[in-house]
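One structure is given below, represented as structure tokens, and several questions about it will come after.
Chains here go by letter, A, B, C and D, matching the order in which they are written, and residues are numbered from 1 within each.
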Amino acid sequence: MQTIRLKLREEVAVRNARIPVDASSLTPDKLFGKRESEIKAVKVWWGNREENTGELFDVSVEGEAGSAEEVKTVMEGDLSRVKHIGEGMKAGEIEANSDVDMHCGAMMAGGRITVKGNADCWAGREMRGGELIIEGDAGDNLCAMYRGEMTGMTGGRVVVGGNAGECVGQYMAGGEIVIKRNVDILAGLNMKGGKITIEGDAVMPGADMTGGEVVVKGKVLDMMPSFKFVETTTVEGEEYKKYQGDLAMTEKKAKGVLYVR
Amino acid sequence: MAIELLIKNGVVYDPINGVNGEKKDICIRDGKVVAEVKNPTVLDAKGRVVMPGGVDVHAHIAGGKVNSGRLFRPEDGRRGSEPKTTACRACSGYSVPNTFATGYRYAKMGYTFVMEPAMPPLAARHTHEELIDTPILDNATIPLIDNNWMTMDYVKSGDIDLLAAYIAWIIKATKGYGVKVVNPGGTEAWAWAKNCDLNDAVPHFDVTPAEIVKALAEANEKFEMPHSIHVHGNMLGHPGNYEMTLDTYDLVKGVKATKDRPVMHATHTQFFAYGGTTWGDFESKAKAIADYVNNNEHVSIDLGSVILGDTTTMTADGPMEYSLHQITGRKWTNHDVELETGSGITPFLYSGKVSVHTLQWAIGMELALLIKDPWKVALTTDHPNAGPFVGYPILISMLMSKKRRDESAADMHSAIYKKAELPSIDRELDLYEIAIITRAGTAKILGLDAHGKGHLGLGADADVAIYDITPEERDAGKIQKAFLNTKYTIKGGQVVVMDGEVVAAPAGRTFFVTPECDPKLTEEMMPNLKDKFEHYYSVTFANYPVQDAYVPNPYEIKAPMRG
Amino acid sequence: MFVCMSKKRIKMGIEVKLINGRTVAQGSNLENKLSEEYFNAAAICELNGSDMEKLGVAVGEHVKVKTNAGEVVVKAKKADGNPEGVAFMPMGPWANAVVSGNTHGAGMPQFKGMDAKIEKTGEAVLPVKELLQGYMK
Amino acid sequence: MEVTDVVCPLCGCVCDDVVVEVEDNKVTKVKGACAVGKSKLMGHGRITSPAIRENGILKDCSYDAAIKRTAEILAAARRPLMYGWSSTVCEASKVGIELAEEIGAVIDNTASVCHGPSVLAIQDVGLPSCTLGEVKNRADLVIYWGANPAAAHGNHMKRYSYISKGYFLPEGKKEKKLAVVDVRETKSAKLADVFIRIEPGKDYLVLSALRALLLGYEDVVPEEVGGVPKKDLLELVKMMEETKFGIIFFGMGVTHSRGRHNNIVNAIQVTRAAHKHTKFNIMPMRGHYNVNGFNQVCTWETGFPYSVDLSEGYAWYNPGETSSTDLLMRGECDAALFIATDPGAHFPGESIRHLSKIPVIQIDPYANPTTEFADVVIPAAISGIEAEGTVYRMDNIPLRLRKIVDTEYMTDEAIMKGILKETRLLTLSRRL
């Protein structure tokens, strides 16, 4: 195992303007095989200029890795303006020890990311595989698509310990999302596959669904007026009302399933 | 001091001047081809293939619907992202590239002229604004004139002279190049969610599409126009449409051209060469179309050949785009334009695993290979409808290599062996023929050969493409690569591409035609036109015409009226 | 209805959905925002008559509008086009003092349908310059 | 002197039939414009001189000095924002985009707090629409949803929609129906044949119900949706089905409410569902006269309509991240240039707070709340009165604004060119 520690320097995080750092080049699979000095020389965008990683982060490397799977990147400091953490990563592990900024785990295909705080918008955007654990809250558009695309998350697993924002899993086609607390409006919007479990409350879930499954264990506020009640059924030992939708997409396409208590 | 360039040791393909693969030097001074130079910068082509700059007869590169395509497809935008360089602005887009990428990517393929073939007259300023921002390429644009209420008024009254006065006025008002026809009558019908066959009456206007096409061809030939009418007929993309296509060609058979060229250019013919009655029994009718073109002299065509993959379809044929959107369920934009035209846009994926798409893919190439005379055929993909223009090199390599066609067909839906001709066609185009269908012939079809385009004779524009292959090259992959990125592209005597990279991006010129109508006819037509503005247009007569500011680099072609 | 206690007296307040939007008077002074006309056109809150009764405010008296994002004092104006429980403020710096910058990943603040509380106040309506100075601190 | 066919530089209607009297190089009379347009054409007090803030006080300076100072600020910035562009011409925007590329800025226009959500919606489902003349000639059903043209687009009904006469509707409003959907009874609502009042924030639900009804699934729709009785929705659906040509005009009542762009997606989906019965269109009521023009130029030049981040050399588009409100609220920017806009008046207080911490440049004809905290102030000629150029109406029709009086003020385009030139000198020397 190899552990790469990247601690964001305080002078980067705390300034008059809080200019974001683009960490997409610092995934375990991209850093695999690099010596400490080489990691420090990896280019990172900070605003409109490219800097060496070593100028923005304190870098240290422990141990050896035989493959990208054996690389763990531990990110420290105030990461609330570090974007694209773990974006596109295929293997290895990232542990982020604070709140993280947007696009954490976007387009991730494998490996594991653990965020020890909140994750801002677009975490897990277009995720294809791997595991993303957010211990705090997730922002809006969790596991959604990029603007204009018809496909969001297609695989992998995401767990949010707290609340999540609007449009969780928009255009989701596969994989699994679990939200431990509440979600804001339109969870599962345009969903066509996969499963979203919301352990708390949801507002207008399932709009324009054509497939997949949304389970709301708490209350549903503003139930969509275009879903068809199918039957009362039992899920994991609890009684749920099963709805089919969204009929606003035409009955032929309305293959989404929504379970409501 | 004169700027001089000498291209040495190239193997030149210049069909307009009958030059077929001759080792020949080309002298350039002040942007023109000349007989000799004194103190030139020398480019050694080292036996590589040299051709005049490419001339695209039909590609949707600028204007309202192209921009609506870009605007509603950020997902396509990110697919073509490239950072700025010292010579180039930032680029984006694949099927709907930004204007800068359009200029650069064409130049890299050795193209130096592109025709934007569908300008809504009311939004003409928009098309010109984008052409201004499209670097390197010389350009022109054709206004849509077939669904216009003014046009239909005169078709109904049978007054071809007044129709000629109107088309002269609108071509001048829009700084346009000719007469474009798109689903005549059908686009007007689409304003009520309807469509028209060739012989249906247009709702409320009491004329038929057939009458519109014939009248516009006649009106166009009242002037010495460089280009014939440019026609996208009725029922594009519908199974069984080939008969209507042939009927449309036949409409203008008796019309006499004022110049040595056809009287109709039938565009993206692939979409009009369909047999069958449904998508189920859909089949290629390319042979029927090719037979007609082989036996007649009054029609030229371009291919509209398919490039497999995702693209953005866009046309003034509103009802067609709606049908397509109904099939795919993908996003759909429509924009009807008062008194004139309309447009629709929807993304589309051509897949080699789908029988219909496979046949469409075959039909475009069948047309190119079954029509014997390459001067009647232009290579296009109806960019971006059948695929983006960056797919041209794929198409060129296919047309030049039966082996490559066979290899590709083997990976595609088996319908290609049952319902298409392509697998049985052995013909391979040579470089001379490729030069005809991509520059020499297209320049002639557009009447640009008389204005320095499409050839390398004395006095021609010094637009030159040097491809990094020798004439002996048979490897389709290498041919494709060479046609995607030139060794050098020279535009107006300036090297703009070197080793596949854009090194300079000068502004292009806009070619427009001024039909010189008899003022008496114009005067007679004017009250009807002004009445339309007074009561039905939402802009005033005074604010309608395109100001000179929108054509900062003009090239005017005068078209005298035939006596 | 909620009741909030202050040291000296009981203030009555109402909970509303707050809407921002354009008006002719505000639009006519877009190029004239440091003027009194603009102040009169934009530093206002339109309320349904019965909501005004509940608050005990008359036309022209001051109200304080509060949301999670901030608070602002403006003049009350009657507009019975508003249903009860819906308050309207013309677009401008006063309305924006109480708009949250959270765009929910869409780039657009929620200018309309905000949860707000309105109460009568004796505090002054700040002129635009002073309102802006408040952000500079 | 009378000037005819003047193009009004106020709202997205871009009326081009205004008549203006000019005496002694001043506009003295305006005919044919609405009250708001007339007010602008008649003129207001102006910023008199370029100025730079020193020790908290704006001090007059030359154009050259103000442009140079602007260039220094922008060239030094690591995350500059360039925002506005909706009340100026496309020619100025083009230079702005080139400058944004040069300095690696985020460039954004006021759509981001206006109809930005409409753009996001179009990117999801497209936009079945038409030009305003189509509406005038054909539309026998006009629906304003969350839009109040009586206040915001004074001539809209008269020139283009309910009150206009057209080819197929020569009798005008006698042959048409008007429906208004809003959360309050606006002036526009008072003119309507049908007014549907919905609860704030419930547009999305009501629109989904309409789709279900238009598609024939009456049985699943509950008796009341978003405060609207089902029978009222059925009445609206009947009107939509029976029309020959219908149009929905939607305003910021929809884009500014809970659901934002997804409300618009749903309204467009309603249009598509109605298209199964008849011809149906939908159009955003764009606010400023050239808010659309910037979106058009930015799209053909960068590939994306607004909120374009050029910091890494290529265009990255992601409203919600790269949009001005977010950048400011999150404190990302270290310099800001505002042109032809007034964030001081139109941004949420939370976003304005950050502007007090960073250098701010304002380019505008008029003093306004932004002037209160701007560090460089550059007065500009008024487009459409003192300068000509291209604008795009709400229905994408490009028109050329006229210059009707002379001015000493520099135009936006000239100012931007000056800044670009000075900035290039600085960035070039930085590269060397």
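Criterion: contacts are C-beta pairs under 8 Å (C-beta built on N, C-alpha and C of every residue); 3 or more make two chains touch, one makes a residue touch a chain.
Predicted, not measured: the structure shown is a model, and the values here were computed from it.
Q: Please work out which of A-D and C-D is bridged by more C-beta pairs in contact, and write that pair.
A: Per the contact counts, C-D leads.
Q: What is the identifier of the chain with the smallest separation between its Cα mean and the overall Cα mean?
A: Answer for the innermost chain: D.
Q: Using mean C-alpha positions as chain centres, tell me how far subunit A is from subunit D in Å, no decimals.
A: 33
Q: Quick check: how many Å separate the C-alpha centres of subunit C and subunit D?
A: So the centre of subunit C lies 24 Å away from the centre of subunit D.
Q: For subunit A and subunit B, let me know how many angstrom lie between their CA-based centres, rounded off.
A: 45
Q: So what's the Cα centroid distance for subunit A and subunit C, whole Å?
A: The separation of the two C-alpha centroids amounts to 38 Å.
Q: Indicate the residues of subunit C shared as contacts by at least two other chains.
A: Within subunit C, the residues that touch at least two other chains are 104-106.
Q: Please set out, as single numbers or ranges, the residues of subunit A touching at least two other chains.
A: In subunit A, the residues touching two or more other chains are 121-122, 140-141, 146-148, 167.
Q: Hunt down the residues of subunit D that sit against at least two other chains at once, touch-wise.
A: Counting only residues that touch two or more other chains, subunit D contributes 120, 123-124, 258, 310, 312, 317, 319-321.
Q: Strictly by the criterion at the top, what is the full list of touching chain pairs?
A: A-B, A-C, A-D, B-D, C-D
Q: Spell out the residues on subunit B that touch subunit A in their complex, using ranges where they run on.
A: Within the complex, subunit B touches subunit A at residues 72-78, 329-331.
Q: What residues on subunit D touch subunit B, complex-wise?
A: By the definition above, subunit D touches subunit B via 4-5, 7, 16-17, 90, 94, 98, 101, 119, 122-134, 136-138, 159-160, 165-168, 244-245, 272, 275, 278-279, 281, 295-297, 299-305, 310, 312-317, 390, 392, 396-400.
Q: Which residues of subunit D touch subunit A once you look at their complex with the stated criterion?
A: Touching subunit A from subunit D are residues 77-80, 103-105, 120, 123-124, 202, 204-205, 208-209, 211-212, 215, 217, 220-222, 225, 258-259, 262, 266, 269, 273, 310-312, 317-321, 330-334, 354, 357-358.
Q: What residues of subunit A sit close enough to touch subunit C in their complex?
A: Touch residues, subunit A against subunit C: 121-122, 139-141, 165-167, 184.
Q: For the complex, which residues does subunit C have touching subunit A?
A: 104-106
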